[in-house]
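Following this line, the structures themselves.
Two complexes follow with subunit A in common, the first pairing it with subunit B and the second with subunit C.
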Partner chain A sequence: MVGHEDSGASKKKSTDSSNDLPTFNAENLQNNTKIIYYSRTFLSIIGGVIAGILGYTGLTGFVFYFLIMAITSLGLAAKAKFSIHSYFDCWNRLLLDGFLGGLLSYVLFWTFAYDIVHIF
Partner chain B sequence: MAEDLVLDTAIRDWVLIPLSVVMVLIGILRYFVSKLMRSYQSPDAKVVKEGQVVIRARSLRAAANFIPLKSFRARRAYFSNEENGLLYVPKGQVPNAQAQMFSDPNMAMDMMKKNLSMIIPQTLTFAWVNFFFSGFVAAKIPFPLTQRFRSMLQNGIDLSTVDVSYVSSRSWYFLNLFGLRGLFSLILGEENATDDTQRMMQMSGFGFDPTKSLSAEKDSLDIVQHEWALPKFEQRAEEVLRRLVS
Partner chain C sequence: MSFGFMIGVFGVLILAHAAYSTIQYRSLLKILEEEFSGLPMNVVGELLLGLVFCMWAALTVPGKFLSILPYSEENRIVSLPDNLDFMVFNHRGKVFPSKMDLKLKR
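Our next item is the complex of A and B:
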């Protein structure tokens, strides 16, 4: 499992600093995208377990999911030192990519933790 | 409406956890089996050559702005020249390639093997779940659903007054099926064959057609506008050096 501390360290610069025509190193871009995906998946699982333990039900749980995703975006942006264009090609990729992909894993682990803690 | 059922701890010990553990293990097993069973196809020389030509044309398109206009034009003519350009394929050859691709026994076998290795464990697990774990409430999902989902989620439970949130183990199986994809991608690395819905989408758009990709490359090469970037690089170099020195 890609550790959360390690994942940021292997982000690489994919563009040069002051460019009129941005050029991208495709391999680094792909690597960074993969890191985003792993971080989101990992955090959605952890968030699911937390939501289950805390006993969120219904809408609160979904709001919590979006909160977790927002925190992920913020954390990734902070790791990229807010100079998005030297690591990714556009803002949308960092903020919205894989947003809903972790939803199913979140629901699974949320249900699991909720049941184990509260019902049984 | 919310009468809280108290469920037996034994359900948790003997249904939820074993089902999840079994699904994770089957996923790992399937990953390794598919790795072992992957047959090595010796690549066809013609296909490889065409693939390389496409890659060359693509890099020309990507880096077009770093070479002077005349050399870009020369390269583009080399690719898309009507008579002997590399990307130009006469129409007569189109049906040949497609027919060959689909009647190729190796590729068909490979696709079938991949499909089977995905479908069989799912079917077996589903049958196992239905046989052993039916007829009781297995879990409670933390969010409310409408009454229409009742028949889907509560198939073994015949009481109509039970809250829709209390689901049977079949729905727990489906929840696991979709939710463990994320987990598999974390623990197995990127190359895992458990992402069935995405692969099914890939399969439907399969038709690998070399001639179509060649003509697509040719078209996209034709529409590239050349804008030489190098004159501006002197200014960039100046800025960088200034920043370094100051």
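Our next item is the complex of A and C:
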């Protein structure tokens, strides 16, 4: 019965002492980053299907991808209630992480949907 | 299944329906031998609606953001150890007035 009750979420990660937020809960940060990744991947796929159905070709399709990613960033910032520092360590992690990661999935589903709808 | 997941499935179904009506529109244009210039407005509206539903699902289904501040209420690191072996009461602390606001971590 010597089980010391200590939850695993209490792992800390410390940056150097000149920062004003020296430690934060790394497991929750990883959870938040995973949520961002899932959201962006799903919306890349959905955006690809929509671009294929709309019949965008060439540069317009890529512009549409960046538009979808910008709206996703806005939605994620709204989900974090715009108080970024209680959920992430910096703004770039929310806004730019995974920004280009969904591009290949987007192009795949874009060409797939375009072929199904417009060519066959 | 949760409500957000249902919204996401519904959004995907709306997109599938929009794709099907676009296919029908294209075959209609092939029959009439006209150029494909743009989609009819109701298909565009349907795509926008599907996008809104899928975006709502993508933002709510994966889970909530958890706070990373070490001092927030749900990140309590200090907790009273609740194993019986260490619960002794006849120690030097008995001369101090007892604190009544320590909380057990649930």
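Here, the second predicted complex is superposed on the first by the 98 of 120 C-alpha atoms of A that agree within 3 Å, B and C clash if a C-alpha of one lies under 4 Å from a C-alpha of the other, contacts with A are read in each partner's own complex, and residues count from 1 in each chain.
Convention: contacts are C-beta pairs under 8 Å (C-beta built on N, C-alpha and C of every residue); 3 or more make two chains touch, one makes a residue touch a chain.
From a predicted model like this one, the values you see are computed outputs, not experimental measurements.
By the touch criterion defined above, A:39 lies against subunit C but remains apart from subunit B after alignment on the C-alpha atoms of chain A.
Look at A:116: by the touch rule set out above, it reaches both subunit B and subunit C. In the superposed model, A:57 makes contact with subunit B only, not with subunit C.
Of the two partner chains placed by the overlay, only subunit C lies in contact with A:79; subunit B stays clear of it.
In the superposed model, A:108 lies in contact with subunit B only, and not with subunit C.
More subunit A residues lie in contact with C than with the other chain of the pair subunit B and subunit C.
By the touch criterion defined above, A:29 reaches subunit C but does not reach subunit B.
Within subunit A, the residues touched by subunit B in the first complex and by subunit C in the second are 1-2, 21, 34, 38, 42, 116. If you check the complex, the residues on subunit B that touch subunit A are 5-9, 11-12, 16, 20, 65, 139-144, 175-176, 178-183, 185-187, 190, 227, 229, 232, 236, 239-240.
Remark: subunit A residues 1-7, 9-10, 12, 21, 23-26, 28-29, 31-32, 34-35, 38-39, 42-43, 46-47, 49-50, 53-55, 71-72, 75-76, 78-80, 85-89, 113, 116-118 touch subunit C in the complex. The touching residues of subunit C, counted against subunit A in their complex, run 8, 11-12, 15, 18-19, 22-23, 26, 36, 39, 43-44, 47, 50-51, 54-55, 57-59, 62-63, 65-70, 72, 75, 77, 79, 81-85, 105. Taken together, the subunit A residues at the contact with subunit B in this complex read 1-2, 17-21, 34, 37-38, 41-42, 44-45, 51-52, 56-59, 61-62, 101-102, 104-112, 114-116, 119-120.
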